[in-house]
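Some structures to go through are shown next.
Each of the next two complexes has chain A plus one more chain, namely chain B in the first and chain C in the second.
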Partner chain A sequence: MPAVFTLLIDSFLAITALGIAAVFLTAFLSAVPVKYNLKSVYIRWRSTLATVVGIGLVVLVFVLLQSLAVGIEKSNASTGDPRNILIARKGATAESSSLVTRAQLRTLQYFEEIERNAEGDPVISADVLVLASLPRIGPSGEANVLLRGVTARGMELRPQVQLVAGRWFSPGRREIVVSRKLAGRFANFKVGDSFKTGPALLTVVGWLDGAGSAYDSECWMDADESRSLFEREMYSTFLVRPKNPEAATNLIRRIENDKRLQLRAESETGYYRKQTLTAAPIKWLAGFLALTMSIGAVFAAMNTMYAAVGARTREIGTLRVLGFHRRNVIVTFLLEGILLAMLGGALGCLISLKWNGYTTATLSIESFSETVFAFTITPVLVGQGMFFAAALGFWGTLLPAVRAARLPIISALKSL
Partner chain B sequence: MRRISTASLMSLHIVPIVFIRDLSKLYRQGDINIAALHDVSLDIASGEFIVLMGPSGSGKSTLLHIIAGIDRPTHGSCRVQDTDVARLNESQLADWRNRNVGFVFQSFNLIPVLTAFENVELPLLLTGLNASRRRQQVTTALNLVGLGDRQDHLPRQLSGGQEQRVAIARALVTDPPLIVADEPTGNLDAKSATDVLEILRNLSQQAGKTVIMVTHDPKAAAYGTRQLHLEKGEIVV
Partner chain C sequence: MTLGGFILKNALRNKRRALLSVLSVAVSLFLFITLQVALRELTQPPEDLGSSLRIIVRNRVSLVSPLPARQLQVIEKIPGIVAVTPFTFFGGLYKGDERFTSFAQFAVDPVRVKDVIIDAKVDDTEYASWVADRTLCIVGLDTARRYNLKRGDRMQFTGTFFPCDLDLRVAGFYHGTADDRTVFFHQRYLDEALGNPGTVGCWWARAASPEDAALVTARIDQAFANSSAEVRAETERAFQLGFISMWANIKVLIGSICTVVVFTLLLVTVSTMSMAIRERFRELAVLKALGFRRRELLGFILAESFGLSMLGAVLGAGGAWLLYRNLDIQKLANGVFLAFEVTPRMMGMAFAIAALLGIFSAIGPAFSVARTSVVEGLRTLD
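Here is the complex of A and B:
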């Protein structure tokens, strides 16, 4: 996003936040008949209901779209073990687009930074990632699924992945364990089912659960069987466990500096955290929809508040006669508009909670496969939704409030 | 033009509260200036119950509005106690009105969504008094107009006479020296009108408030201690 555009948005948000804070502070510190506004909103509930519902819907769309982006980010952020190092081909943007050789694996096996197991073997998993186009449940066609060929060591390095039904695959057999969350979306993913991919028939022998991580979007099978089935000479990536954090730093530096290897290494958690491409367009869509819908919502709020000022002209005149200043009148109407909008915001946030945790999927831009994630409504997101609602109320009420404050007292008193 | 001079008020041991000199108010309609008030001079003593009478358009309401600080003169001065009301800015005028003037309107002008108590409390919100002190003053004011048992009623649950008495309680709750009433009995039946006028007279006679009332009704005018008639922007009697 251009820096000027970002600066403009930030400035606008800062002005809005300051304006809202000033309204609440002034209402708290000076004489504003808050009770009058609250009761006016309550009494005029029919005319204000449309505005409340309208703002509620805008906030609902905003929160839900943002919760999708948060869900994808959370899924990526909770993937991996901070002790692991992921090694991929230099220049590869994702595991599925990376290719690493057996020679590179042999070289790595002699690196003393990598931990050894009880048998004295280095803790390295060489994985094979393949995209398979498989039919979904129902008439919605096919979608790509990420098949990961792993070794027993690869499973040890990923303890957050658990078997929740059936059994693990047996090495050397055409068996596969699919994600439980994908099983709800793809045909023939029940334990005992078989499906055809490429030349072979794979049998589903179990379901895995990735505890909300990116592994929930994968199917696992034996690495060697996968290489043989898909005729792969090479692996996709290596996952290694260094001896300690210092060894991890050294290992990353060593791999990066070794010109012969042509590999890139980084922490597994860091790699997944950076997989933000899929969430970015959703965030943009959320922003764009929020902006366009908020213009309509601001006009709806403005309409309601102009009507409120029109209906209460004589009351405004009376307040002025009794000694209330113009600024009191502005604050009192702004407060009313903001509270009204926040009521709508609360409604929108409340309805959005119904979708919290609901699992859905989209095409991952990084792996080009179906990626499963959950609508994730966080307290921060609810706070953003409420601020968004308050901002709609503030900007929608500003002009009507100024108009109310500028009414000449005598003509206001004569109003019917 | 009739004027009771400050000197003559002083000789009667009466403290003057309103001093008006050469007051004019012009309204512009297209290219024409229309004089709502023309060189009016007037002194009002503290504790007087002044009645302003005259035909529609005679300037009586304009005079009342200028004295009460909700309108400004084109020329001349209007001093209330030690303050030249015409020289105050918008914000100062608002504070001044709150401390010095109680208003009673023909159509009561109560806030419909607030109870009698909350309506009377409104001007006190600007005074910085705490809630218990405000409650005490509101209760006293409502008791004074005989509506101590109607505190929680909304305006629509009260009769016209009761609404106007709530408005009087609101006018006197800040203990202002000046009460202005713009045709306060115009929308009331005879019995309620008498009750309201009795209260205004008592405020003048017993509480020492200066009451200025605009009315068309000669019976209502009879409650005043002095009647002033206006015609074409001038005091004629």
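Here is the complex of A and C:
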């Protein structure tokens, strides 16, 4: 069923694209100058303005919603180092629900695929992830925040994360470095503040910045401190750096095949790229709204264009008498409708740019914690918005244009 | 010809335009109702009789941190509590689901849970067989229908939070709660699968009366203050609202979409209506010349636009009401939405918007008609 549905939508889009392309192509070959359309639009500006703005708003809603989904996806796609391998428990769907043991850590340490640092130690970090429910700023209740317990090695493995204020936490102390972007959303997240989670009082000693990655939604503290504070016997995940790409492939295969370990390894970037559950419902909403609002917009466009055809009956008759074909009339009206709609689309896209980069947050379905992301309006998205507008113009003008072409010449000339 | 007939004739003179106007109003109001219903569904969870009595106790750190099983004895003795059961969210994946299963599985104490979830109706023999065998489960009727489950069927779940899988058989079904989708199984089964860690996910308790609930939650919080596992006790309502607040800006988002939809609708309809009037400028001038007063002309225009937008409201809002009443939304939305109920308040709002729409779109043209002199009007060609 969904496959058939997708096929249907795809073929519909393809027909629309072909139609629009044909209109543009013939318009440039056709004898009716484009100038005629531009002037007609200009003369009737009052009645067309409402339709243009209406289409603009439809495109605006579509682009903004899509930009949210793109923002979430981009934040995930730009997380991690392609050289790193993330190792989690088999079956765990998120880092925070994974549990790995000290025994597994000891086993992994002797794997020769893993890089050694200058001191000859394997480059492997065992992290502890704890979800803490903390109060937001203002009256909007509490939300879960991801607290990552990291080691010095773990920080080296994630060069994306930089300190932007204060200092890093010192091991063995109840100190925490919070994301700067979360600091704008949660109470007591300023440097120097402290907050209580469970039995522990944690002091904020610095702000971190994850350069637009998923780390922007995390708070970091010392791994051992986190384990003792939250009474965690086990770690959550391992992050390792293999010696080279070949060793990485071998390592993934070796862990996969080792029945004792019960672990799953994959590249860190690959793991984050697969986190698509949160963006999916937003995309669905964008699609649903685009569909229903576009039906309304097409009706509105049809109304405007029918009125345009009605008001210009004599003009059309004149064009036909001058020797223009029916198809010229169709193309000229279609072009006018599409241009109008694209004007609206451009307006919508332009307004949407105002939100570009604006940071917002929601609950990540994967990590079950507050995830920060930005409205991200890409050229592709603007292109989609413009195509959407052109499609509205095309379908809204098709019937009025056909009607214009089928007007009998004599009576058209006689009409007032 | 009566005045009413005159207005009706005028409204339907350009049938295509009337139809398109009515349809665009209808589509927009349909969308408005749909968004309102979705918003209500996401922000106001359904309730049943026991909702105001139930208390949920979770770890103060967060919902996913476990609680020590030994807390049971303490909670039981707190005055005002009638019953308490462990309530551990398993969050497993049911067959075929790769990343997300829409119904929950909870590990409970089968004897105690009966006094906590008092709305659930279970067949006595089915219930007795469930209590007796720890590998059995009780399944909500909605889930049972959706997957066509019968007594004795196997249900297997792959653990995501927990490093173990479940292999259960269906003992029977329950119905009568606000959400008949959950699968209940024995906490003891989970304990054994995990090697008896001595923890549970949450506690669910029932207070003696709704008035007691606030007092009881404070007592529970107090009982574990400064222990290694501090708790947060809340009524079910407060718990659900807390859960919803984690979605952050969703309410603002859907609210602003509704505003944009209504605004777009207003814009387009106003323009269409004024188009219809402008086309008839000469006629209106003739009517004026015949002695009709401004007031009456305004009445004609208003009645026409009002009628069209109301017809749109009847089609759009009424259509949404009919559709969502007869649709199996649970199946369609993959369990994300439960009831999808259109409330009288939403219908009222839709009709109020339509009324405003009718009035607003009449104002502009009515003014220009009133301002124009008869001679000017008669001279107009377009």
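The rule is short, and it goes like this: the second predicted complex is superposed on the first by the 415 of 416 C-alpha atoms of A that agree within 3 Å, B and C clash if a C-alpha of one lies under 4 Å from a C-alpha of the other, contacts with A are read in each partner's own complex, and residues count from 1 in each chain.
Heads up, the rule we're going with is that contacts are C-beta pairs under 8 Å (C-beta built on N, C-alpha and C of every residue); 3 or more make two chains touch, one makes a residue touch a chain.
These numbers were taken from a predicted model, which means no experiment stands behind them.
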Chain A: partner with more touched residues, chain B or chain C: C
Chain B versus chain C as contact partner of A:319, first or second or both or neither: first
Chain B versus chain C as contact partner of A:191, first or second or both or neither: neither
Which of chain B and chain C A:43 touches, first, second, both or neither: first
Partner chain(s) touched by A:413 [first = chain B, second = chain C, both, neither]: first
Partner chain in contact with A:402 - chain B first, chain C second, else both or neither: neither
Partner chain in contact with A:230 - chain B first, chain C second, else both or neither: second
Contacts of A:165 with chain B and chain C, given as first, second, both or neither: neither
Touching both chain C and chain B, counted on chain A across the two superposed complexes: none
Complex contacts: residues of chain B adjacent to chain A: 65, 68, 70-71, 90-91, 94-95, 97-99, 103, 105, 109, 111-114, 118, 122-123, 125-126, 170
Residues of chain A that touch chain C when the two form their complex: 47, 49-51, 53-54, 57-58, 60-61, 65, 89, 91-94, 96-97, 99, 130-133, 136, 140-144, 197-199, 230-231, 262, 277, 281, 289, 292-293, 295-297, 299-300, 302-304, 306-307, 310-311, 360-363, 365, 368, 370, 416
Residue ranges of chain C touching chain A (in the complex, touch as defined): 16-17, 20-21, 23-24, 27-28, 30-31, 34, 59-65, 91, 99-100, 158-161, 163, 165, 226-230, 232, 241-242, 245-250, 257, 260-261, 263-265, 267-268, 270-272, 274-275, 278-279, 336, 381-382
Partner chain B, residues of chain A touching it in the complex: 31-33, 35-36, 39-40, 42-43, 314-315, 317-326, 409-410, 413
